[in-house]
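Next come two complexes built around subunit A: one with subunit B, the other with subunit C.
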Partner chain A sequence: MVALSAAEVRFIQGGIAHDLRSDGRGRYHFRPFSIQSGVIPQANGSGRCKLGATDVIASVKAELGRPPAGRPNHGSLVISVECSPTAAPEFEGRGGEDLSLELQRALERSLLGGPNGAGAAIDLSSLHLLEGKVCWVLYIDTLVLSSDGNLLDALSIAIKAALSNTGIPKVEVLASTSADEDPELDVDNEESSPLDISQVPITITLTKVGRHYIVDATAEEESQMTAAVSVAVNRKGIVSGLTKRGGIGLDPSILADMISVARHVSQTLIPTVDAEIAASESRAAGS
Partner chain B sequence: MSRAASTYAVPSYNATPDLSVKGVPPSLLSPEGSRLDGRLPHECRPAYMKTGAVNAAAGSAYAEFGQTKVIVSVYGPRESKKAQAFSDIGRLNCDVKFASFSTSVRGKASQGMEEKEYTGMLHKALECAVALHTFPKTTVDVFALILQSGGGDLAVVISCASMALADAGIVMYDLVPAVSLSCTGSEVLLDASMEEERWGDGGMIVAAMTSRNEITQLTMTGEWPSTKVSEALQLCLDACLKLAELMRSCLKEQVVAGGQ
Partner chain C sequence: MRGLQFELESGQQRRVSKAQERLKDAAGSVHAAAFVNVGDTIQVDHEAGFLRGHGTQVVNGELLATVCGIVERVNKLVSVRPLRAKYNPETGDVVVGRITEVAPKRWKVDVNCRQDAQLMLSAVNLPGGIQRRRTAVDELNMRSLYEENDIISAEVQSLYQDGSLHLHTRSLKYGKLENGQLVTVAPYLIKRLKQHFHHLKQYGVDLILGCNGYVWIAAPSESGKSSVSDTPMDLSNDHGSEMSSKRSTTLIPSAQEDGKRDLSDDDKVRDSITRELRERICRLANAVRVLAALGLLIFVESIIDTYEVSLSWDTAVKDMLAAEFCIKIVEREAEHRDKKELAI
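Right after this comes the complex of A and B.
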C-alpha cells in the first residue's frame, strides 16, 4: 500500500487540477516506456514492457488443442496474469489473486472479442487447422515484475509486443485420417509464420482523481483514485472492450467523455507503441 | 407470489430450447425484426420480482427475468469476522454462486472463475450505493444464488441484490438496477437471452443509480463501432430507469401488503 501524508495528497490532487502532475506530465501524457522483444527463448513469442517503474513480461506459447465448442473453425486465446509477491508485498496470498483475476478479466474482455469471436485481437479463424479437430491455442501468460501503477496498460503493450514477436510453426495435416481418428500432424518448428497483429488493441486506463481524470497513473496517483475506466482501442479507433474499476459511480456524460479521450489518446499512443515494437524487434534480430 | 406479479406478466414456462453447443449460429433477428423469443430488439424480458423470499435472512429477494432465476439474501449488519482489521465504516461482503443445476452442462470448469468474477463485480456495483458509514465496525453479507442461468445473469443478480438490501433496511443512496445488452451486426438487443449472448458480436452490462444519474458498474466486450457505444449506453440507462420504477413499485407493494 502506498502511504501518503495529507500534504502529499494535496500536492498530487492540486497538480492534477492544474494539469501539471508530480513528475511533470500533463493529464493525458504517458510516462516514457521501453519495449524488449524476444526475452523468453522457450516461448513462441515474448515481450517486456517497462512503463516508468512498472515492469511486466508477456509470453505467448502456441499449442495444438481442440477448437472451442460451437466454433469448429476457430482457434482460441487463453490469457493469464500473475502478480507475484516479489513485485509488491500486498500481492501475497489473496491480494495478488484478486488483482490478477481483475486484470485477467479486463484483458480477456478486450482481447478475446465477443461471444462469437468478433472483434478479437487475433483473427481466430487464422488459428484453425482442421475443422472441429485441431487448432492452435495461444496461451498468453503475463507476469508482473514490478508495480508502479497502470498495470493494465503496460500488460496490453507487452502482450502486443509478444504477439508481434510470435511465430506460429508450420503444420501439415497428413491426409488419410478417417473421421473418428485423431488426425496426424507434421509440425515443422523450423519454419514459422508471423501473426497478423493489426487488430490487437491497446488498453488506455483513465483514472479519476478529484474532478479530473488522467492517463497512466502512478501508484501514488492510483491510491487517490475514485474510479477508473479502462478502454481497449485498436488502430482504427474501434473500442473492443471496456471495464470500469473502482467503487465510485460515474456520470454517464463523464463516461462518454472518458471514452472519447481514450480513443483520442490511443491514436497517438498506438503508432508510438508500434514504432517501439518495430525498433526492439530489429534490435533483437540484429543481436 | 401472485401479489407483486399482478402488473407484470409471468414468463411462460416452455421448455428451454436445446442449447447444444454445437451447430450453426441461429440468426438472432427474423426478417421482420423480431427476436428468437418474439421480442423486439429494444424490448426487455418479462420480469417478476418479490422481496422476502427467505425467512431467516434480514432481507431477501427473488427475481425472474425470462429464463434467468436468481435469489439473493442479505444478512446483517452483524459483527465482522475477528480476523478482519478494524474499520470505522461498514463492510459489504458479497458472494455469488451458481446452483449446480443452473446450467445445461453441470458444474462447468469455468464456473468457479465466473463466480469469483461475478462476486467482485457485484461488490463494485453495490458498494457506492450502500451508506457504509451507517453501520461502522460491522459487516453486511450479500449472498446471491443463480438458480437458473438464462442470460444476463450478473445484471439480474445486481438488481435483485439491491432489492434484497432495501428489504433488509440497509440505508442506500439509491436502488441499483442493472441491464445487459448484446450487439449483433448493426442491431443492439436489449436484455439479451442466453442464446443472444452466446452468438452476439459483443456485450455490455450497465448498473446505475438512476436518481443520482451515476453508473456504478460497466463492462463491454467484443467489437463496438464508436457510434454504437453511446447508443447502447443510452438504451441501457433508459432500461435501468424503467427497471428502477418496477423495483420501486414492487417494494412498495410488499410494504403495503405487509402492513395490512
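Right after this comes the complex of A and C.
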C-alpha cells in the first residue's frame, strides 16, 4: 500500500524510538486537526474532520422507527462507514469493504452501548416518542474521503461533531391511538432540539511499532505497525470500547499500559476536540 | 494553502488576507493582466505574423490559450507557460525517484511524472567500479543494486520522442539514498539551479532538491557510496574490450561483500543519527512542507531562512505545521517583498 524503502523504514522506527517522528511530533502528539460543522444541509446534522491528510465526513439523519425489542422507551443508533475510492487506490470497487466493516464494528462497539442501552454515546431515552411504537432512529453515515492513517480516530471526532450539530425535529402526537392503530404524528421541521453530547466518547488508537506505541499514526507509520489498540474514552475517562487489530499478540501488561496511555492522552485531546467543535459551530452559525 | 489542514479564526483570517494583498502588489509579482485562462484570447499582431507555441491554439482566426498561465513572447513566438503543471523533465535534471519495478536489464523508477522513468542496467555504475560489459549474471543480480521501493538520486540522461525518460547514475554522487526522509512537493516550486545536492555544514544535514518535486533530507552519508569506487564518471559505451571480457568477475561476490558492509555501515549510522541530528532533519523537512503548502519557491536559502526563523521564534518542530507559524511566514514574506520594492 504505502511504498517505503528499507532505509525509510529504519528512519521511521528510529524516530519513534527517539520520541521524534518524521514531522517532529512526539509519540503521544496528535496532528493539528480541523472541524467543520453543518457541511451537509439536507442532513439533520453533519461534521467533517480533517486530521493531517485524513479527511472524513459524518452525517446524522433522524428517521421515525420502532423502538428496539425489550426497550420500549429507547431510540436507536445505526452506524455505517464507507471508504470512498478517492481515499486510496485499493478502495476501488469492493476493495474498501473489509476496512469499512472493520471500522463500523469498532465504532458500534464504542457508540452503541450494551443490550440494556447503557453506555451508549447519547442518552437513548431522549430519542423516545411513543412507548413501544415510535421512536427516533439516528442513522449515522460516515464517508472516508482521504486516508493518511488513523481513520478510526478521525471518524469518532467527525461523528461527535455531527451529533453536536444535530437537531431533532419537534414531534406532536395528533390523534389519540388505540393499541392497534398506527399513531399520527406531526413532525415540525422548523423547530428542533439539540442532543446531549457530553457522554460521546472519542476513540484514541495506539499503534505499536517495535517496542513503542504512538498515537495518531500516519499511513507510513501504520504500514510498520505490529498491533494497534483503539480505546474509546469519554470525558470522564471511562473506557467505553476496546478494539485490537493486527496479528501480533500483546502481553496483558502492555495492553493495560496502552489503555492508561490512551486515557492520559484523552485528558488533553477531548477538551481540544470539544473546543474545536464549539468553534466550528459558531463559525457555521455566524456565516 | 494546500496540504495543511487547519481552520483559521477570524483574526488569523484577516492577517492572512492582509498579507496576501501585500504580496500581490509587491515587486516581482506578475501583474494580473498577464495571466490568461483557458479560452482567453491572446493579443497578437496578425499582420506582422506570429509563431504559435505551446499552450495555444488558433480557433476561428483567434489565438486562444489552452492552459492557465502566463503569456511568453520571444520575437514572434507566442506561447503560454502554465503555472502549475506536471513535472516536465529536461536533460541534465537531477531527480529523486523510487524504484517501482525491476524489469529485464532496466529498472522502472517513479519520478512524479506522467510515466515511470527507466534506468538501464548499462547506465549504472557496477560495484567495484569496473567498466565491463554487463553479463547475464549481472542481470540476475540487479536486486542487489537497487530493489523495489528503494529511493535513488539520478540524472536525466535523455528524453525520447515517445515521451519515455531515461536516467543514469553514472557518478559518485548519485545512487541509493539512506538515513533520511522524503518530502513530496509540487514540482513547479523547485527552481532549476546549478546545484541540487546541498550539504548544509552548519546543521550537518544533506539536502537533495529533486527537480521533480521529491526532496530528500538525510543524515550525511559517508563519503562516496560503498558500492561505487573512485573511477571518474565515464559516459562512454559499455561494450567491453577484450581485456574486460577476459576478467570474469561477476556481480555476486562483490555484491555480497558490499551488502555485508552496507549493513554494518547502516547500523553504525543508525546509532549515530542522534536525537539532535534527527531534530534538525525534522525541522528542515517541516520547513520544506510549510513552504510547499504556502506555494513559496523552494531553494536552499528559503529553506534555511525558514529554519532559522523558526528557531528565533522558539517554535517547536511539530508546531511548524500549525496555523500560527504559517501565517507568520506569510506575513514575513510580504514584508520582505515590500522591502525589496523600496530598495529598488
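The rule is simple: the second predicted complex is superposed on the first by the 284 of 287 C-alpha atoms of A that agree within 3 Å, B and C clash if a C-alpha of one lies under 4 Å from a C-alpha of the other, contacts with A are read in each partner's own complex, and residues count from 1 in each chain.
Going forward, a residue touches a chain if its C-beta (ideal position, glycine included) is under 8 Å from a C-beta of that chain, and two chains touch if they have at least 3 such contacts.
These figures come from a predicted structure and were not determined experimentally.
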Touched partner set for A:252, first subunit B, second subunit C, both or neither: first
Contacts of A:3 with subunit B and subunit C, given as first, second, both or neither: second
Partner chain in contact with A:173 - subunit B first, subunit C second, else both or neither: neither
Which of subunit B and subunit C A:15 touches, first, second, both or neither: second
First (subunit B), second (subunit C), both or neither touched by A:34: second
First (subunit B), second (subunit C), both or neither touched by A:119: first
Subunit B versus subunit C as contact partner of A:283, first or second or both or neither: second
Partner chain in contact with A:237 - subunit B first, subunit C second, else both or neither: first
Residue numbers on subunit C that touch subunit A, as the complex places them: 3-7, 9, 98, 100, 147-151, 176-182, 266, 270, 273, 275, 278-279, 282-283, 285-286, 289, 316-318, 320-323
Residue numbers on subunit B that touch subunit A, as the complex places them: 21-23, 25, 113, 116-117, 120, 124, 127-129, 183, 197-203, 208-209, 212-226, 229-230, 233-234, 237
Interfacial residue positions of subunit A with respect to subunit B in the complex: 69-70, 98, 101-102, 105, 108-110, 112-116, 118-119, 229, 237-252, 255-256, 259, 263
Interface residues, subunit A side, partner subunit C - complex: 3-8, 10-12, 14-15, 18, 20-26, 29, 31-36, 50-53, 55, 276, 279-280, 283
